[in-house]
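Structure incoming, see below.
Just so it is clear, A, B and C label the chains in written order, and each chain counts residues from 1 on its own.
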Amino acid sequence: MNYVLKNIPVRTEKPRTTGFTMAMDKGLSLREVSDLIETAGDFVDIVKLGWATSYVTKQLDEKLRLYKQANIPVYFGGTLFEAFVIRDQFDDYRKVLEKYELSFAEVSDGSIVLDHKKKCEYIKTLAQDVTVLSEVGSKDAAKIIPPYKWIEQMRKELDAGAWKVIGEAREGGNVGLFRDSGEVRQGLVEEILTQIPEDKIIWEAPQKAQQVWFIKLIGSNVNLGNIAPNEIIPLETIRLGLRGDTFDHFLEK
Amino acid sequence: MNYVLKNIPVRTEKPRTTGFTMAMDKGLSLREVSDLIETAGDFVDIVKLGWATSYVTKQLDEKLRLYKQANIPVYFGGTLFEAFVIRDQFDDYRKVLEKYELSFAEVSDGSIVLDHKKKCEYIKTLAQDVTVLSEVGSKDAAKIIPPYKWIEQMRKELDAGAWKVIGEAREGGNVGLFRDSGEVRQGLVEEILTQIPEDKIIWEAPQKAQQVWFIKLIGSNVNLGNIAPNEIIPLETIRLGLRGDTFDHFLEK
Amino acid sequence: MNYVLKNIPVRTEKPRTTGFTMAMDKGLSLREVSDLIETAGDFVDIVKLGWATSYVTKQLDEKLRLYKQANIPVYFGGTLFEAFVIRDQFDDYRKVLEKYELSFAEVSDGSIVLDHKKKCEYIKTLAQDVTVLSEVGSKDAAKIIPPYKWIEQMRKELDAGAWKVIGEAREGGNVGLFRDSGEVRQGLVEEILTQIPEDKIIWEAPQKAQQVWFIKLIGSNVNLGNIAPNEIIPLETIRLGLRGDTFDHFLEK
């Protein structure tokens, strides 16, 4: 840090398993990737190439190389996994992971209907090759999954070999963990936390108010995802109690 | 594309007359222009320097040169045309087009009251020198133009020599084709489509939900405009059924 | 400007004391700083490194050097001042200002409770070393300060040595001068203007509709702050009556 302030919350350091920030790259240029690494690389633990953007991204090899050089793992959004599965191309998907030497993959069912046993099999299979993040929650605002189901699915996916489970929110932060308005489904989150260790969960929380809510509930070192590249530095200040939103919170402790 | 997925909608290729994406540059730096070209140039068919931003843009010549090198035509937003017309400087406007060697121009009346015959004369005159895009719809949310008038104006503007007509939405997507809330005026769009060939229309649709709506109605190869530079790649995935929003839509077909 | 348009409002020139634009840097990369300077440097009068982002910003020295070379003063957001004060580290804060050779500083009480006499003493003390911007208004949406208090505080802070006073809005534009919805507290602003000279005030106005409102009320050369880097060029066109929002306004005059 650039100067000394007393009583700042202690942050975990890389490689982090808690206090983890997942950034969303939905089409950054190579130069923007370099900038992100240079400016905020210490605070980015993993990068998701959102949904199937990797399909149309130019210079994908070079982009992956830049992140690799910076020791930031990259994975392709779960929608890509689903796009392969729905087309009966799961083997092709594995080849894509291999071709791009990815060490992480996401398994999700946000856009497709997937028998949960089958989903867990995919997790198990992929976990032989890569570190698996599995996502719970639908991208369809109308599909409300009750808390006990979230918990059951998360537990089974972790048992099947997922490294961590992700709570769905999309880029907008208006489904899954959140209401249409972006408001957190607080009861859902609190119930999940009674059953699943918080270090095993990454909460997608693209909106500032959502990040603040999780940091106040769980602490500076909560795992957060779907963070826009230009919000990485702001998020770090929120984690440290150095933005208005959490300024009081950490002082009161 | 970076790998093979089956049953992906077929996209038109450059130079496109349908499936056309117009990007909005409201003050990109030269480096950001280079990045846009490098990262998403294949998916950008034309660039609008929004409203009169070209008046204050530094290094305008160099910016135009970058787009030209990439074979991406550029035009100045219609508000600039109106700013010249309202000041009785139409001849100066033509000189500006000539000075910057622009091959496209927009004629609009979103901020001024312009007799429609006069508007068509401007289109006719400019069409002698450049390819004309003409825009229908007011920037004033209070001015509701009934569908039959949209159709009548679009038809006359095409007859006067406009290459395509643009449905107004502004950068925000909250006027013209859309309600304050951003919701599409569906009846308006559907009525227009009964009379005007869809390949002659560019729909300004800056918000994701608006893009999704048009793609579901008209297909992958609908002409869309006012797309923010960092939404070009995301839009391309929506056109291809590779984002949650249109994932089912193309599979069901 | 790139071409001649008649009857364009006259803008002040650098170094400006009115018609002043304060840009918000909340984590720009060095390259983005260079781009901002190159593209819109003439329209940026001062830069705020938002709240305490300077604490976590990499290559802070280099960033400050870039702005300095471009003759754009930089200051650290008031929340940083408050973070030092609440920790009884005011002397350390002064050393930070000295270490980074800053010539501007902000004094605020948006996140802490600070006796107003004490706040004025801080202003007085810091004004010996640097040019002080002092901010009035709370970051807490629930704390409504009545207009007479705003005026009293602004006056006393100017008397204590503040160069200008800032009306609080945050990055979001939804507190202080504005309602939750972003709507301007018009009565508040108008009452302030009966007592405090408008050239002594910088209005934080991150949202376009807010900028438009102030420009229509006070004119092209109103002092505005918390402008996002990619909104500097758009704001300049609004000041000049060259965007739909103020197009009529300046013509009617």
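Convention: a contact is a pair of C-beta atoms (placed from the backbone, for glycine too) under 8 Å apart; a residue touches a chain by one contact, two chains touch by 3 or more.
Remember, predicted model here, so these are calculated numbers, not experimental data.
> Based on which chains touch which, is the overall arrangement a line, ring, star, complete graph, or other?
Looks like everything touches everything, fully connected.
> Just how much do you need to spin chain A so its Cα atoms sit on those of chain B, in degrees to the nearest 5?
120
> Please work out the Cα centroid separation of chain A and chain C, and write it as a whole number of Å.
The computed centroid separation for chain A versus chain C comes out at 34 Å.
> By residue number and range, which residues of chain A touch two or more other chains?
31
> Given the complex with chain A, which residues does chain C contribute to the contact?
26-32, 50-60, 79-80, 82-84, 86-87, 89, 92, 96, 99, 110-112, 139, 170, 172
> Can you name the residues of chain C that touch chain B in the complex?
Going through chain C, the ones touching chain B are 1-7, 31, 35-36, 38-43, 208, 230, 232-234, 236-237, 240, 242-244, 247-248, 251.
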